[in-house]
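Next come the structures, one after another.
Each of the two complexes below includes subunit A, the first together with subunit B, the second together with subunit C.
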Partner chain A sequence: MDWTFIQRFTPMYAEAALLTLRMGLTGIALSMAVGLLCCLAQHYRLPALRQIARAYIELARNTPLLVQLFFLYFGLPKVGVRLSSETCAVIGLTFLGGAYMAEAFRSGLEAVDKTQREAGECLGLTGLQNLRYVIFPQALATAVPAVCANVIFLTKETSVFSAVALADLMYVAKDLIGMYYKTDEALLMLVAAYLVLLLPISVVFSWLERRLRYAGFGRAA
Partner chain B sequence: MQALDVLLKGRNLARLLQGLWVTLSLSLAAIALSVALGLLVGMLMTMKNRAIRAFCRLWLETIRIVPQLVLLFLVYFGMAKAFDIQLSGEASAVIVFTFWGAGEMGDLVRGAVQSIPRHQTESANALGLTRGQVYRYVIIPQTVRRLIPQAINLATRMIKTTSLIMLIGVVEVLKVAQQIIDNARYDALQAAVGIYGVVFFLYFIVCWPISLAAGRLEKKWA
Partner chain C sequence: MANPLLEVRHISKGFDGTGVLEDVSLTVHEGEVLVVVGPSGCGKSTLLRCINGLERIDSGEILLRGKPITGEKRDLVAVRQKVGMVFQSYDLFPHMDVMGNLLLGPTKALRRPKAEVEAEAMAMLKRVGLEEKAHALPRTLSGGQKQRVALVRAMLMKPEMLLLDEITAALDPEMVREVLNVVLDLAKEGMTMAIVTHEMRFAEAVADRVIFLEGGVIVEEGAPAQFFHHPKTERARQFLNTFVYEAAKKQSENSADA
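Entry: the complex of A and B
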């Protein structure tokens, strides 16, 4: 193990990790927005939009991110649509993540029993109040484990961004292996970088899941 | 339209489908191994032995946190450097996806076994079933029903993840598509969109029916 090598290139990894984090966060935030819209379109049975949402979810869930990225980054420029690596990465991650998030939110909403909404209405809550105070808190608590799993999954998926020439962690590792033939060191730093990124998220999420395990009123135990 | 012309030229379409077969055969091999190992691992995970459980937990956390692509790099580049073991891309893929799949499958088995309420065993005992009969008629049928839809979902995830192997130099469907596009670069530049679109739909055609089946079974057996 060449520790001076590791010391020398740690800043490069830190920079790449920040890039991964930034892309990941943007993509995940947008995924949640897209997922919420799709989930609401399906929940309120909006005509046309609902079918579109369904078709989109099936398409995005059943194709790999790498193929989606190749289409965006290597396919589209040939017909005149030129997107930067960053844009492609964020669009790809959002396309994939939106569908997964929609499914997670939907499972949450579906888990709230009908009697809960009816009871809210009986108490004289308006539609919005009902959503805000009765439905959402319960739906959220049920959806959290799935949403957390998706966040981790999407963060991991960012590792394929290197394929569209984004200088993320994989890219840096591959670069160093190619340039200096320091395979052990480069790979060790790669694994360490992902651990530093994902271990805290994983720990916080398992704590959060334990905290939110209160949903399930109105359902037979 | 250009894409169609290019694909129908020579053996291009056949090559693309061959590439798809490379992806599928590797993922099928990994899935089969994962299911077999996963059943064993799942039983290990339900054991009370602290050491075994800690080991399984470590394994599970590793595959949950380290991206599959990183694992592929570790096996493909790392093994060669550290232990002088030269693995082909295909072999590394099967090793990595089995390592990952067996862990995930084991966790699914553990979840399914533990989700069967205790009173099921107790009622079966009260009815006078022997230990073997309890497993044969009560526990295993219920476990399998919970397990199969989730296992099918895992299988589609594994097929999709297999697309990563092109990044360690295996010539699979995406790589073949790239080669075809490079080849037609001068006379059919715009074919790229269509050909990548075709690869996209090939994956969809493979994975979608499997996902649908999982969804159906889940509803039917819920």
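Entry: the complex of A and C
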């Protein structure tokens, strides 16, 4: 094991890790927004939008991210749409993640008893008030484990960004292996970098899930 | 009798082609307690659910203080702020403590100041013997306690009328009493109520008028003393007898045990 090599290239990994994190977080935040919209379109049976959401979810979940990225990065320029690596990466991740998030949110919404909505209605709450104070808090509590799993899954999926020439962790590792033949060191650092990124997220999520069990929320006012 | 508060005129309601309510008409006057009894599946609950718009009626109309609350232009939110409803399954909000449950309607739907409602809520909790539970989560309460909270939650909206849908059906016998006492108390204060129940003794005690519903039609209507002791129709007699039979059977079982 060549420790000076590891020392020398750690900053490079750190930089790549930051890029991975930035792309990942942007994509995940957008995924949640897309997921929420799709989930609401389905839940409220909005005509047309609901079918579009369903078709999108099936398309996104049943094609690999790598294929989606190739389509964006190599396919679209052929029809005159040229996107940067970063844009492709974020759009690709959002496309994939939105579908998974939609399903996670939907499971949460469906888990809220119909009678809860009725109880809220019977208190004279408007539809939006009912959603905000009665339905969403409970739906979210149920959806949290699935959403957390998706966040970790999507963060790991960023490893295919290297395929569209984005200098993420995977890209750096491949680069170093190609240039210096230091396969062991490069891969060890790659694994370590992903763990450094994901372990804290994982710990925070386990804590969050424990807190939200029973949809209890401790003592919400 | 005072003014009619609620008028149900010739309503019908079906689910997937099966008629549940057929041409039902009734009036509830201000301060009156109407009890609806009848065998399971006779449309009692559906009737209550139609009144506050949880189910859409197929035909007929419903008026609250002479104003239609059914039809195209209905304002369900406004109706529900005036007509409270309590369900068999309590349906407290599990993610809020008791006080949160009580405050939600008055502060959000009616936009009343929190401190004011809080004081009222505490007073009401005290009345039903639950002031110590103000900050407990619903899942830590017994069924009877939950249902009392649900009653307080509905009452804090200061409704003109309460609809109670089999509110003791899910309770253990000893808890039934503590809930029904609260309802009897409300009746004494002149709260207008429409109550669906299987507790015949309670029905007799609380009712000003009884309606016997079967197969979606009103079979008999009358004063409680008359209905429970001298029913006019054969069907009502049979229905009431099932309760006597059950009581008799229980008695013979008990003596066999001894």
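One rule holds in what follows: the second predicted complex is superposed on the first by the 215 of 221 C-alpha atoms of A that agree within 3 Å, B and C clash if a C-alpha of one lies under 4 Å from a C-alpha of the other, contacts with A are read in each partner's own complex, and residues count from 1 in each chain.
In this section, contacts are C-beta pairs under 8 Å (C-beta built on N, C-alpha and C of every residue); 3 or more make two chains touch, one makes a residue touch a chain.
Remember, predicted model here, so these are calculated numbers, not experimental data.
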Requested in this report: Using the touch definition from the top, say if A:190 reaches subunit B (first), subunit C (second), both or neither.
Outcome: first
Report task. Return first, second, both or neither, reflecting whether A:137 touches subunit B, subunit C, both chains, or no partner chain. Result -> second
Query raised in the report: Which holds for A:150: it touches subunit B only (first), subunit C only (second), both, or neither?
Result: neither
**Report entry** Of subunit C and subunit B, partner touching more subunit A residues
**Finding:** B
Query raised in the report: Which residues form the common part of the subunit A surface touched by subunit B and by subunit C?
Result: none
Query - Contacting residues of subunit C [partner subunit A, same complex] - result: 52, 54, 76-78, 80-81, 84-85, 87, 89, 91-97, 99-100, 103-105, 108-110, 135, 137, 139, 153-154, 157
Query raised in the report: Residues of subunit B touching subunit A in their complex?
Result: 61, 64-70, 73-74, 77-78, 80-82, 156, 160-161, 163-164, 166-167, 174, 177-178, 181, 189-193, 195-197, 199-200, 203-204, 207-208, 211
Query raised in the report: In their shared complex, at which residues does subunit A touch subunit B?
Result: 58-59, 61-64, 66-68, 70-71, 74-76, 78-79, 152, 156-157, 159-160, 162-163, 170, 173-174, 177, 183-184, 187, 190-191, 194-195, 198-199, 202
Query raised in the report: Hey, which residues of subunit A end up touching subunit C in the complex?
Result: 113, 115-116, 118-126, 129, 133-134, 137-138, 141, 214-217, 219-221
